[in-house]
Every structure is written in C-alpha cells, then in structure tokens.
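Please read through the structure below; I'll follow up with questions.
Chain lettering (A, B, C, D, E and F) follows the sequence in which the chains are written, and residue indices restart at 1 in each chain.
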Amino acid sequence: MEMKGIEAFEKVQRLIVVAAHPDDLETICGGTVALLVQRGVKVFSVNCTLGDIGAQDGKISRPALAVTRLAETEEAARMLGIEQTYNLGQPDGELVASLELRAQIARLYRHTGADTLWTFDPFWAGQVHPDHRAAGQAALDAYMPSKMPLYRPEQLNEPGICLGCLEQVFFFSTTRDPDVFVDISAVYPTKLAACIAHRSQFPEGEASLEWMKEMDQQRGQEIGAPCAETFKVIEVW
Amino acid sequence: MEMKGIEAFEKVQRLIVVAAHPDDLETICGGTVALLVQRGVKVFSVNCTLGDIGAQDGKISRPALAVTRLAETEEAARMLGIEQTYNLGQPDGELVASLELRAQIARLYRHTGADTLWTFDPFWAGQVHPDHRAAGQAALDAYMPSKMPLYRPEQLNEPGICLGCLEQVFFFSTTRDPDVFVDISAVYPTKLAACIAHRSQFPEGEASLEWMKEMDQQRGQEIGAPCAETFKVIEVW
Amino acid sequence: MEMKGIEAFEKVQRLIVVAAHPDDLETICGGTVALLVQRGVKVFSVNCTLGDIGAQDGKISRPALAVTRLAETEEAARMLGIEQTYNLGQPDGELVASLELRAQIARLYRHTGADTLWTFDPFWAGQVHPDHRAAGQAALDAYMPSKMPLYRPEQLNEPGICLGCLEQVFFFSTTRDPDVFVDISAVYPTKLAACIAHRSQFPEGEASLEWMKEMDQQRGQEIGAPCAETFKVIEVW
Amino acid sequence: MEMKGIEAFEKVQRLIVVAAHPDDLETICGGTVALLVQRGVKVFSVNCTLGDIGAQDGKISRPALAVTRLAETEEAARMLGIEQTYNLGQPDGELVASLELRAQIARLYRHTGADTLWTFDPFWAGQVHPDHRAAGQAALDAYMPSKMPLYRPEQLNEPGICLGCLEQVFFFSTTRDPDVFVDISAVYPTKLAACIAHRSQFPEGEASLEWMKEMDQQRGQEIGAPCAETFKVIEVW
Amino acid sequence: MEMKGIEAFEKVQRLIVVAAHPDDLETICGGTVALLVQRGVKVFSVNCTLGDIGAQDGKISRPALAVTRLAETEEAARMLGIEQTYNLGQPDGELVASLELRAQIARLYRHTGADTLWTFDPFWAGQVHPDHRAAGQAALDAYMPSKMPLYRPEQLNEPGICLGCLEQVFFFSTTRDPDVFVDISAVYPTKLAACIAHRSQFPEGEASLEWMKEMDQQRGQEIGAPCAETFKVIEVW
Amino acid sequence: MEMKGIEAFEKVQRLIVVAAHPDDLETICGGTVALLVQRGVKVFSVNCTLGDIGAQDGKISRPALAVTRLAETEEAARMLGIEQTYNLGQPDGELVASLELRAQIARLYRHTGADTLWTFDPFWAGQVHPDHRAAGQAALDAYMPSKMPLYRPEQLNEPGICLGCLEQVFFFSTTRDPDVFVDISAVYPTKLAACIAHRSQFPEGEASLEWMKEMDQQRGQEIGAPCAETFKVIEVW
C-alpha cells in the first residue's frame, strides 16, 4: 500500500459526498473539501437523514430539530463553498441501506454528474454507528447500477441528467488501512467554522470539538503535519 | 494488541448478554458468566429466538420445542446465577437484524441499566450461522440509539427505565483477534451443568459436548490454562 | 494458510454453484467447472437474477433481454457439461439477501443433494457489485437451515428431496487470501467458448473478454501456470 | 337473492375451511361441517395462526398456549370427523394477508385438491377482528393464482399435488346478505362437544358458549329451525 | 336503523379520536368534541401523520411545515378543551395501516384508558384519501388486540397503563348510513375558531372553510338543525 | 342514481386507464376507448404487470410470455388508437397496492397530464382477482397525493411534467351500481380485433371471447342497445 496526499484527488472535478447526518461531512472531511473547492472542484453534499434525533434531551420535537439542522447545514455549506446540499429525509437512528435509499443516491450520481464519491466505509468493523454503515453501504451499492440504463430508467427522463459516471470511490471514517492523508492545516480555521455552524450539536463551539481536533492531530502525526484527514482508495470497475 | 484476562471485566457491574438461541450463552461464555456472578455482577441474558427449529427430526411441533427450551433456559440460568432472562420471540433460523429487533434490544439496554454488552461478532467472516450474525448486528446497532432520548421515546415512559448507559462492548464467537482470554477451569463443572440443562440439544449430556470441551481446551492452551473462553474488546464512543 | 490445487475438490461429487447473473459462473470459475465435470462431478448452476438490466443501451426491454440471457445460459451450460441450471427470477441490480431468497436457495440444496457449494465471498470488502454480495450472503445463510428439518418443512414434501447435506463451502471472487488455485489451461478453450456464448454481454467475442484472460493469467502466475482460477475454503460445521 | 339450505353444498366432495384461529371453524360452522362429513365429504381445516395470544391473563407463555391449542384442535377435529388439520404458524393478533400467506394457502388448495372453499368474508364491514379479515382476504386472493401453473411453480413438484381446482367459494361470519341457511339441530351436540374441546377458550364448557347458542338460534329463526349456520355464495370464475 | 342525537354518546367518559392529519378532528367532529368537553368528557386526540405535505407550493421544507402544524394543533386543542394531543410521526400521504401503526395506536388505547373511539370509516368506498382509510383501518384493527394481555406485552409495563378498555366505536367521514346526527349550532363559533387555528391550511380564515360550513349545514337539514356532525355506530364485541 | 351514456365523458380530453394485465383494457372498456379516440381524446394505457403468468401450461418461461404480451399490447393499442402504453413491471399474480406502485402511477398522472382516470373498482366485493383490486386501489390512492407538490417531489423535476390534474374518476369491472352505460355497437369490430390481438390469451380468436360478448350483450340489454360497457362515477375532491 502506497500512501498518498491530496494529489490522490487530482483528477476530481465533480465530487459527491454521501454522509448520514448533518455535520458528518464537516467533521470528517471538511478540510479536504475546502481544499478541493479552492482548486475549483464542484462539491455536492448528501445527508441521508435529517439528524433529528441528535439531541441530549428529549424535549425538543423532531421536526423542530430538523429545521434547525437544515439551516445549520446550509450555513456550513456556504462556508466551505459547497455547490449544493441534498437531504434524503430518511429516519435518523434507523437508516437502512434499502433499495429505496440506493435509488435516491443513484439518482443524485446521475443528476450531479459526479466523477468521484466519498462515503463512509461500510466494511469497517469498528463503525459503531449503524447509520454510518448504512449510508456507506447504500452509496457503494448505488455506484454500479447508476451506470446502467435499465436501472430505474424513469430517473433518466429528468432534464440535464445523465447515466452515472463515477470513476473513483474513496471511503472515510475507517481504520482499515487508510492510504490517503491530506494535510489540512492551511484550511483548519475554515473547517472549524463550518463545524461550529452546527451549534445544535456543538453548543460550546470550539470547546465542543476538542475530540475532533485531537483526531485530526493524531492523523497529522502519521505524515508529519499539524493535522490531517484520511481516506481509503477503493478499486472499482 | 495486548491480551488480557478476566481483569478486562473489572469495571463490569451490570452485564447484558445478547445471544440468538437458548444454549448460546452457556456454551460460549457460561464459564465467564459464572465467574462474574461470583464477583457480584448482575447478569441479564437475552435470547432473540426461541430456538424452536433446533431439532434433529421434524416430528416435534415448534411450539412444543419452544416450551421445552424456555424451561431449559430457566434451569441453566439458575445454575449460573443469572439475574433475569428475556426471550424476544423472533423466528429461529430466520433472525433478521431489523429495526424492530434493534428496538427490542435497545429497550432492554434501557431497562436493565447494563454497563456492559457481550454479543456475537457480526463482522467475523467465519460465522456460518446467520442468526448469530443477526443477533450481534442488532445488539451492536442498538448501542448508540439506546442512549438518545429521541430514539423510540415511548420506551422511556416505563417505570425505572433510563437512557441506555452501556459503556463497554465485547464480542464473542470470533477468531478476529480475540484479546481477552479468561481461565474458566475453576467453574468448569458449573458451565458443564448449565449446558447439560439444555437436554433437548445435548441428549447424551456431557458426551454431546465434547466439541465444546475441545474448543475450550484449545483456547486454554493459548494462555497456558486448562480451558478458557475468549472475547474481543470493541472501542465504542 | 496452505495453498492447494484442484485436489482441494477431490471429495466433491455433487457441486452447486450460486451466482447472481448469467455469465458469472462461466467467467469466474468456468474452467474449474469443466475440469470437475470431466472427472464425473454433477454440477448444478443457480443464477439468482435474470441479468435483465445487463445492457449498454436502454432500448431493449427487460423481458426480451431475459429471454436472450436464459438461452445463452443454456448454451454455455451445454458446453461446460452442467447437469442442470436454475434461475430464481429475482430482480437484477436489486438483489437482496432476503429470507425468501435464502429459502429458494435452501430448497435447491435439498433438491440437488449437493455436497459442495461455491458462491461469491459476501465478506470481501472489495466487492463492488451489490448483487454479488447478496447472492453470496444468501447462499451462505442457507447452508445451515437447509440441514434442519423444521426449517421450511413444506419443502421436504417434494419427491426425491432430502435434508440439505452440504459439507464443504468455497468462496470465489475474493482477494481475501484465496487458498485454492486451479490450473485451468487444459480447458481454457472450453471456458472461453462458454463465456462467448453470452453474446449479449460480450458482443465482440474473445475481444470482449481480454479483462478475464488477464485476470486468469495473473492468478496463474502465483502458481507458475498459464492461467488459474482461485477459491477460498470456508470452515463450516 | 334466493335462499338455500344444505343443498347449496350438494356438489361438494372435498372442502377446505380457512380460518384464523383454533375454534373459529368449530363455533362458526362446526355443525355444517359435521353434516357434510356424515355425507362423506372430506374436510380439510386450515388455521392461519396458533391462536397463542388467546388468553385472559398474561402469565402463560405464548408457546405453552400454542401447544395447548394445537392439541385442542386435534381433539375437536376428531369429534367432527375432519380429514386433516393444518396450522400455518402466522402471528396471532397480527395476521396479515401477505403474499407469503397467500402462497401458503394456495399450496393447500393444490395439495388437498379441494373443490370448495369456506372462509371469512373479508369485505364485511362489521368484522372487528383484523385476523378474520386477513384470513378471508388471503384465502380469496389465493383462489385464482392457485389455478395457474406459473404461480409458485415449485409447489407443483410435490407428489400428488395438482393445480388448484376450487370451483365454489362461500363466506361465513358475515351479515352481508347471507343466502345459505343450514339447519344444524340434528348435530348440535357434536358441534357443542367440538367447541368445548377448546377448553383454554371456554373454561366453563357449555356455559362459556351461551353467546354462540344464541347466535345459532337467532339464525335458526330466519328459517324456522331451532338453530342454523349461515353462508354467502360468492360467484367465482 | 334508528337515528340518534348526542345522547348516543351519553356513556362516554374518556374519548380517543384517531385521525390522519392535523385539522381532521377539528373540521370533521370539532363541534361534537366541544359539546362533550363541556359535559366533562376527557378527549384525547391522535394524529397519525404530521401533515407535512399539506402545502400548495413546494418551497416550504417538510420539517418546517411540520413544526407549524404541531403548533396549530396545540392551539386548536386548547380552544376545544382537548386533554392531550399525540402525533405518531408517520409519513403524510403515505400512511399505511401497518402492524407498527396498529401497535402505536393500541398503546394509546391502553395509555389513555379511553372507553370510546372515533375514527375514519375504513370501509367507506367514497373515501378518496388513502391516509384517512389507513388511519381508520389501523384504529379499528387495534381495538381487539389492545384488550389482550399477550399482545405487545411490553407496553403493559408502563406506569398507569392498563389493558385496552374500549367499549364503543363510532366512524366519522362516511356516507354509509350514518346514524348519529349531532346538532352543533351551539358551539359552532368554537368549531370555527379551532379550524381557523390551522392557518397553514386555511390561509383566508373562515373564507377558506366555506366547504365545511356547507357540509355541516347539509347534514343539519336532515335533522332540522342549522348544522350537524354525523357518525356511524359500530357494533363491537 | 341517474344513469348516463357516453355523455358522461364529454369533458374528457386526456384519459389514463390503469389496469392490471395486458388485455384488461381491451376486454373491459376497449369499445368506449375507441369511441373516445374517435372524438379526439388522448388515451394513455397503464398495465401494472407484464401478465407473465397468464398461461395454461407451465412450459413457457415467464420472460418469453412477457415479450409476447408486450407485443400484443402494442398491436392492440394501435388498433384502438391509444396514444401511449406503459408497463410498470410489477409481479403478475402478486400485485400489491404498495407505496411504490402508488408512486409509479402518480408519476404517470403527472407525466400525462390526464384529466380523467378509469380503473378497477377496488371496493367491489365480487372482485375475485387480487391483482385487479390492487391496481384499482393503487390508482385511486395515487389520485390525491399526485396533486401535492411535496409528494415525491423529485418526480416534478422531469421535463414537461406537471402536478397531477385529474378531475374525474370512474371505476370499471364492478356491479356496485354502475351508472354509466355506453353503447359500443358502432365500434364492436374494433373492440373485438383489439382483444383478438392478445392471441396468447385467446388462441381461438373470437371463439375464445364468447364470455365477453355475452357480458357486453347483457349490459346492452339494460339500455336497450346491442352491447354496452359500464362504469361507475366516483366523487372526488
């Protein structure tokens, strides 16, 4: 296994990131997203759920929390320069890699014309959050059928839509031998700001994000950088 | 990977064991359960199915077999000193890690106030029994939502129930680098007796359990003990 | 891990191969099938889907493509000497390892009296095609219940049917440490012809199969043979 | 609408009765069954569920109640002269007219070679028990596909099985214009005995069945008989 | 069929109303609810969905609409004197009478100790809205199991909960021979105010409710009153 | 109930017919379709299934039968002057009024801009074919959500698509008080030819259709015409 840096993404022009909840993208790969946006990459962000059970006390209603989190997502997306965000409205805490979710995601591969996918590693045995596994599984499973014209052919009637044309897949949130380490120190303030935009989750701002800073620093150490985000290349065909 | 003995469980006070069938707990980790009970740990045993296709000939009716196996489970539990047994009534041989099963298990995490979970390793590629994988998957997937107040909030209305408070997870029935080896020789007679209580499965008593004794001895050899049970620590957050 | 050659299959007398699509068997293990048939092994081929989204353009109707692919399957089976083919009619591109699929496959284990199963490795993290994973998962999950008389007992009423009697399981299409490498050079023309029979998929004949020849040659290099197919032994009980 | 008596059933030779719970057949049409058996009709009784939530207190386990009710069913069947009883094992209180239930029932139409079906009226708006509606719906919906060779063709491999050959359908448990009234006074003691065999449901014997006697008497009044059971002819094609 | 007035409800002490969307209760039976509350009846209101596709243009987000409608529901409930409102969070426009919905509703029968149920007539062939049929079907189907201790027994662990004790069922929104006509003219201003509280649905206030006033007047004519609401008694056992 | 003739359809400009199988439209309402096409109405034909179990012997493969029936459908459509046919590919003999089927049908309401729907009466208690009931139910249930912008909003991205704009609904295949009787004698040869185009179903041509001719003549008698087709107006809002 050869380790790479951000040059692993040099062919990326249109990137789709499939996550489970608002704030997944920002905390896991917000730095690398910011770097790619600077280089002119169009980034499309997909959250499978509204993140509407993400509360420490049970008094807020789920729709009220959803409204808040949709607004936080938009604010963070503006900071990172994301082209467009999508929310698939699936149930938080009960995301399932169903055929319906697969079709929703395949539709966005076809709609965005993305050439590259980032998503959760569905095979990482250390993944404790079932929604993360489900999001990654559905995103991976949508890769191949999205390229076939007889799969959900009604989707192909939309204007400007084309067959799926993903060429590269990378997993994040994995310790299964990550092989891309991106030094994100140059954009760390941007990453932090985008994360802090999710005030419902990080009520004390940067102080609520110490765990992330530690994780990013640990990963940085492996390449001698102040902080880093990591990915795993997946061979697709 | 550092190997540990029974001290791996020193912080355990309330343990929940999620298995698929009556006799799983007894044969796989009955010895360690007995040791922890001696130390004062409260142990809660959950079987997802009634084990009611567990017959060598097809003449017994499924409900009749279920009645037998529920009684055997109670008898074995008394021998091991288990606090309480639960049976979730899911279909034997067709257990699925559904959202419903996840909710049933999460409810028991909340009800028992368990701090520690033991269950099947759902990621072990050598696991041939689909029910084992399903039980482990659902038990792991219930871990995180059980701690969130907006997940199945109606459960939180029961008296004496609290949010899930699991802090430690261990997998059993795995060869994916187990890292806890517990010498169970001091309680082997108890383990054997609890297994033999499942007469419908082991009609010739100890003679039907030679395979288990061999397995326990093999594991013992790795730590220089007569017999051992093994576990794998899972990092949760 | 000890590597073996075709002697790994010396005890095989009745082999069932569970694949997802017409042409999977031929391209992945058609050579070894041909060798075993020469030795007198009865081979039963199961495709879970009709392969009816396998088209590069969307103008052909799915039933028309299905008719073509069923015919191609029969033609290839005659070339390889396969005893019988089965198609389970599940949806192509949307195969799910459901309880229904498991029961369909278990029925064929019981019907064919197969002693050996070959199928996709459902645990290989590099498996990009979701149908392949689903086929392998359902085939593996059918192994154990097919042997139990109270599992889907109505199946056992068919004439000539018996309890499942599989004794050996091998995975194909995996890079998770394959441990059987079969030199197929003696039957390569037969393998090629059987693949080419799938004209709808390989419209330019052998020229459409360069990728397969390369793969087979690469595998051959590991054992110093011109070309090889590989398998992974699975311990079952 | 022309009203008929037992001559409505003069062409019946093989009758299948699809009910939801043990004791449905006995209380609703046990008298007419007894009369037909006297005439030489072969009667096959199907209960979709085990009736295992049929208890007034929650202390008995469901499998224990199921065992009791299966035995009661056999005892009542012997009294009535029923040829064979079947229990489909679906969940009591949660019976759903699923495709799986339809297939289970269609299989029995094919297996028994029944010419006549009796079942619950699924369209009776006064039917408060959801299991009754589900049983009737599935039984009716199985009528047509059971006659088609490409519907669940694997069923047709069983020995002695044939395509469905139902020719007549009658609904019971309906006030939607019943048009068959059968005077059952000659066999009332037999009906009563068969009902009382369900001791778990009618713990005080005949005293627990006053409601049924009243209902049978009311129906009898409409034809000037001491007691009667009623049916509705359904036109099928 | 004998027609009745409000005396049809004289035995009601605790009433549960199961509807599909916020504003169903208010527009269909808000007047009769107000009259019963005046008489001291405790009224519990259940909406199965959030009503969050109830918008004429597609620019509002579903969670934002849900938040609005929950608030409107509370405001209307205060006006009518409703004891407690519940929202089951099922999908608007896609409500299905699933076993899960049945269990959610049965739990509320048990929780509220209601003696009387009002819900949509699931058998009215003129019911064009599928959510209305689904709500009525699930509510009716929950009636019987809610009274059985072995149905979803975990619900019975909640404090203050008891077995379902519904004794009377009435359908609304039906032209299948309604037999209860309640003169609501004395409380019409209250009904109107409660309806107008649903501003998202009736943006022009009373002017948006002309259809309802006409309907109420038409029904009034049948009993010689200015306006009326109608119900159908269902015989249950 | 006032009876009408073809003037009941005078406002129809764009008609969508939702049936279950190829040949349903032709045999049930092919005459009236022909009359409306003559008047300039655009007719869109939807079959939910491929009709691929419609065979008297089990030797033909389902895909082969599907290919035949799709071709027969096109041939019949040309004879009747139908604008466009759609086949939804759902399973024959196992059609279910699922949310997915509802969405497929709603999409076609939106796509065709139909103002009028004809479909099976899902509430007719004499409907023995479960697929017919399912088709009618799903078609009716799609009526209302198809008009709401937040229902399946991704459909509204297709070019030329608009919100559902159905204004009239009629049921066919019902004896529940049909109130439209259309004299079809002027176009009976066309109807017959379109039916005969389904050679796989009516192998002896007109001789296989005596049942239909009788039925059409019976209906004609009620209005003093040689033959007629009948419909039932449904009030929608």
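Rule of thumb we're sticking to: a contact is a pair of C-beta atoms (placed from the backbone, for glycine too) under 8 Å apart; a residue touches a chain by one contact, two chains touch by 3 or more.
Only a predicted model underlies this, so the values are computations on that prediction, with no experimental measurement involved.
S.K.: Listed by label, which chains are in contact with subunit A and with subunit F?
M.R.: C, E
S.K.: Match interface A-F to one of D-E, C-D or A-E, accepting only the pair for which over half of the contact pairs are the same residue numbers.
M.R.: C-D
S.K.: Copies subunit B and subunit C touch; is their interface built from the same residue numbers (over half shared) or different ones?
M.R.: Here the answer is different, because the shared fraction of interface numbers falls below one half.
S.K.: Decide which interface, E-F or B-D, involves more C-beta pairs in contact, and give its chain pair.
M.R.: Most contacts of the two pairs: E-F.
S.K.: Could you work out how far the Cα centre of subunit A sits from that of subunit C, in whole Å?
M.R.: Chain centroid spacing, subunit A to subunit C, equals 35 Å.
S.K.: Just curious, how far off is subunit E from subunit B if you go by their C-alpha centres, in Å?
M.R.: The computed centroid separation for subunit B versus subunit E comes out at 45 Å.
S.K.: Would you mind listing the residues of subunit B that make contact with two or more other chains?
M.R.: If we look for residues of subunit B contacting two or more partner chains, we find 52, 62.
S.K.: State which pairs of chains touch, listing all of them.
M.R.: Once each pair is checked, the touching ones are A-B, A-C, A-E, A-F, B-C, B-D, B-E, C-D, C-F, D-E, D-F, E-F.
S.K.: Quick one: which bits of subunit C touch subunit B in the complex? Just the residue numbers, please.
M.R.: Residues in contact with subunit B: 99, 102, 123, 140-141, 143-145, 148-151, 153, 156, 169, 176, 234-237.
S.K.: Taking the complex as given, what residues does subunit C use to touch subunit F?
M.R.: Spelled out, the residues of subunit C in touch with subunit F are 50, 52, 61-64, 66-67, 70, 89.
S.K.: Over in the complex, which subunit A residues touch subunit F? Could you list them?
M.R.: Going through subunit A, the ones touching subunit F are 100, 107, 154, 157-159.
S.K.: Show which residues of subunit E lie in contact with subunit F when the two form their complex.
M.R.: 52-58, 60, 62, 65, 93-94, 96, 125-126, 128-130
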